[in-house]
Amino acid sequence: MELSKEQIREIIARRVAKELHEGDYVTLGIGLPTETANYIPKEMHVMIQSENGLIGVGAKAKGDNICRTSINAGGIPVTTKKGAVFFDTATSFSMIRGGHVDVTVLGALQVDQEGNIANWMVPGAFVPGMGGAMDLVVGAKKVIVAMEHMAKDQIKILKKCTLPLTAAHEVDLIVTERCILRVTDEGLVLEEINPLFSLEDITSTIEADLIIPDSMQNIAA
Amino acid sequence: MKKIISAADAGKMIPNGSTVMIGGFLHCGSPNKIIDEMITQNIHDLTLIANDTCVPDCDRGKLIVNKRVKKAIVSHIGTNPETGRQFVNGEIEVEFVPMGTLVERIRAGGAGLGGILTPTGIGTVVEQGKQTIEIDGKKYLLEKPLKADFAIVYGTKVDKYGNVYLENSTKNFNTVMATAAKTVIVEAEELVEDCLDANHITIPGIYIDYIVA
Amino acid sequence: MKKIISAADAGKMIPNGSTVMIGGFLHCGSPNKIIDEMITQNIHDLTLIANDTCVPDCDRGKLIVNKRVKKAIVSHIGTNPETGRQFVNGEIEVEFVPMGTLVERIRAGGAGLGGILTPTGIGTVVEQGKQTIEIDGKKYLLEKPLKADFAIVYGTKVDKYGNVYLENSTKNFNTVMATAAKTVIVEAEELVEDCLDANHITIPGIYIDYIVA
Amino acid sequence: MELSKEQIREIIARRVAKELHEGDYVTLGIGLPTETANYIPKEMHVMIQSENGLIGVGAKAKGDNICRTSINAGGIPVTTKKGAVFFDTATSFSMIRGGHVDVTVLGALQVDQEGNIANWMVPGAFVPGMGGAMDLVVGAKKVIVAMEHMAKDQIKILKKCTLPLTAAHEVDLIVTERCILRVTDEGLVLEEINPLFSLEDITSTIEADLIIPDSMQNIAA
């Protein structure tokens, strides 16, 4: 099954959005995780936190709306929702580290069956730095990894991450275009599969040990 | 009443080799006029403490492009390819600090604390060479406070008492940096005639030494 | 949107034996209506974390006079002779914490830090039984974070998103306490119709669970 | 020489005020230290910090001026000066502990030649608690002890404090109605004396070793 990049991103972002609940405060990583915001139902009240120091991130600012002092963590000018608050970056990370953010959604280079995540550094390659990722993964109540199932032909869901970690034992849920995996004390549980893929398509592209329940939901559910 | 000086005066104040904190998050809320004067005054061999090195043509990014920084203590350099190039070629030293740890280490420096005990970085390369302390069964990393010779910060509105109001996302690192340096200079977007409302002040004037306006 | 409840509902929410942080500095900025309901609801055996126990006839002081507090973690009790009397007679346990250490321990509890490293108390009885850590030649005391089951705080103006504005000296301990408890209830002096200005908020609504109005 | 309580307090407060400089931020303890504020020259710009969370404390609020949400650390409603700022108690003590307050003035039960101070606890007596005193003494750039020379017949300036300390090695200057003592690495230097008292009046009421310079100023200077 060949999906376009756009299709892959939409499947993932759409599914991640279903993990959010009324009243949640959510911090989204740059890139694919940010697209999650597009699929939050309008009637649901979810507040997006931006690590630079803002709760209540709205849509990207356009045209006459642009205020250059109202930016998200990616430096993009954004509008704000009703109930928004601006604060400094120290307050922002006290909030993040202190467990006040309900959900964070981040991309990853690798994840493993122990809930470890590597998403900031490839030895030998250019290292951009970890930014706020380490604090987010350690601090948020629920950590969702939203990523393409594979990196070209490379397997990313491993028994043990080989890249330098962002944090140990912190991931709760892994969402790819092929499946949903939950990290539990017993191991990695395959909770949902995308019916466009066979079970074999999934198990053959994951190195980690999988717990496969008798019944499984479709990812689109 | 604080001394009001020009951006050029501020630039001249900073000796080569200084450790300088500069406020701003990417291009937002950065003291650009003072940075431009630091370039003009040919200040070099700086240790820069900042969230990031912005983009090459913008504020802190200019200090990188003009090779004024020998060491950068930052959370990421991803938006400035020139920092990456100098780093790869060994022309600049870069110490990466998780963003929350960076901002809290600066706060600790300004608040007279001996360091911070954070769970961030445990089980990662950030832990290397650092003391860990177990408290009630959980491991924390002891990260030391950060201080600087100078903090150069931005202010949306500043009064003559040095009180600073920062609008929207310009608050970022400016607040904590103003507490953690020997000499603190605020670049005022607007110097107000009267004093700011006592309840709407982002940085109390006690932290400010000079106002650039 | 946060749940808006009555002071009586808030009082009923708190089980006997709870650890409760209560905002206020002496008589200023304390959630009096909720405290009155805690008295009415006959809640007892509380561990109270607060700056002080106020005066006997006022807010937190009433909890003392009515013998609802089995332990107080405070910086001083000098203004409430009844706390002193109970303390001398062994009817209440009092843990004295230096004010700056108290407020910073609460902040650490809310900020996910493992504790604080403070020079305050070194060379005094406050040091007894605690770990000291030497950092760059200076001794610091490791003081543990404080958390609570409930934080009861005051708000001058509160909006439906839980955002709180605190006027003048009412800020005191309310800000940090709102970050450090499992359940946080704010007593609104005024519940505003529209939302508060995003730049003039003292406590972001993310910390608030219930609004009493 | 018998001085009234009022005369003693005025001599001390007046002399302490001379230690303050243009632009200083100063935190005053409750009681006698607070009276220092009355003797700061009107043309001198000194900002008084109150540990609960205020810079720019003015006179006590009276009559129609009283705002019950504007209080000092003693709970007294106060007016505020131009340039005042309100902040929370966490910010206040970060400021104090971090060395941003230029001068603190506090009372004491005992001080000694090592710069130790005891001002919060008498074993066996009722203990009100240390409040913010320990942080102030550790954090302020300059610590001035302002106290009556003796407590009834008890000597308070000792070789070594016998009461539990508030902080060790932090006192810079001791101001009493009889003399001014500076704490130096070499010991306690008698810098000024009140001409109403003889040198004997002073040395006989101090247990600490004193360094007595050849020339000495009058306290009233």
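In this document, chain identifiers A, B, C and D correspond to the written order of the chains, with residue numbering beginning at 1 in each.
In this text, a contact is a pair of C-beta atoms (placed from the backbone, for glycine too) under 8 Å apart; a residue touches a chain by one contact, two chains touch by 3 or more.
Computed from a predicted model, the values in this text were never measured in an experiment.
With steps allowed only between chains in touch, the distance from chain A over to chain C comes to 1.
In this assembly, the C-alpha centroid of chain B lies 35 Å from the C-alpha centroid of chain D.
Put simply, the C-alpha centre of chain A and that of chain D have 55 angstrom between them.
Each chain gets one centre point, the mean of its Cα atoms, and the points for chain B and chain C are 32 Å apart.
Computed centre separation for the pair chain A/chain B is 29 angstrom, with centres defined by C-alpha atoms.
Across the assembly, chain D contributes 86-87, 93-94, 96-97, 138-139 as residues in contact with two or more other chains. Multi-chain contact residues of chain B (touching two or more other chains): 104, 107, 111-113, 118-119, 167-168, 198-199.
In terms of which chains touch, the assembly is arranged in some other way, matching none of the line, ring, star or all-to-all patterns. By the document's touch criterion, interfaces exist between A-B, A-C, B-C, B-D, C-D. Remark: chain B residues 25-29, 51-52, 74-79, 84, 87-88, 94, 96, 98-101, 103-104, 106-107, 118-126, 156, 166-176, 202 touch chain A in the complex.
Those residues of chain A that touch chain C in the shared complex are 23, 25, 45, 47, 49, 55-56, 80, 82-87, 91, 93-101, 138-139.
Remark: chain B residues 1, 107, 109-113, 159-161, 163, 179, 195, 198-199, 201, 204-207 touch chain D in the complex. Across the interface of their complex, chain B is touched by residues 51-54, 67-71, 73-75, 86-90, 93-94, 96-97, 116, 121, 126-135, 138-139, 164-169 of chain A. By the touch rule above, chain B contacts chain C in their complex via residues 104, 108, 111-119, 133, 135-136, 138, 140, 142, 144, 167-168, 198-200.
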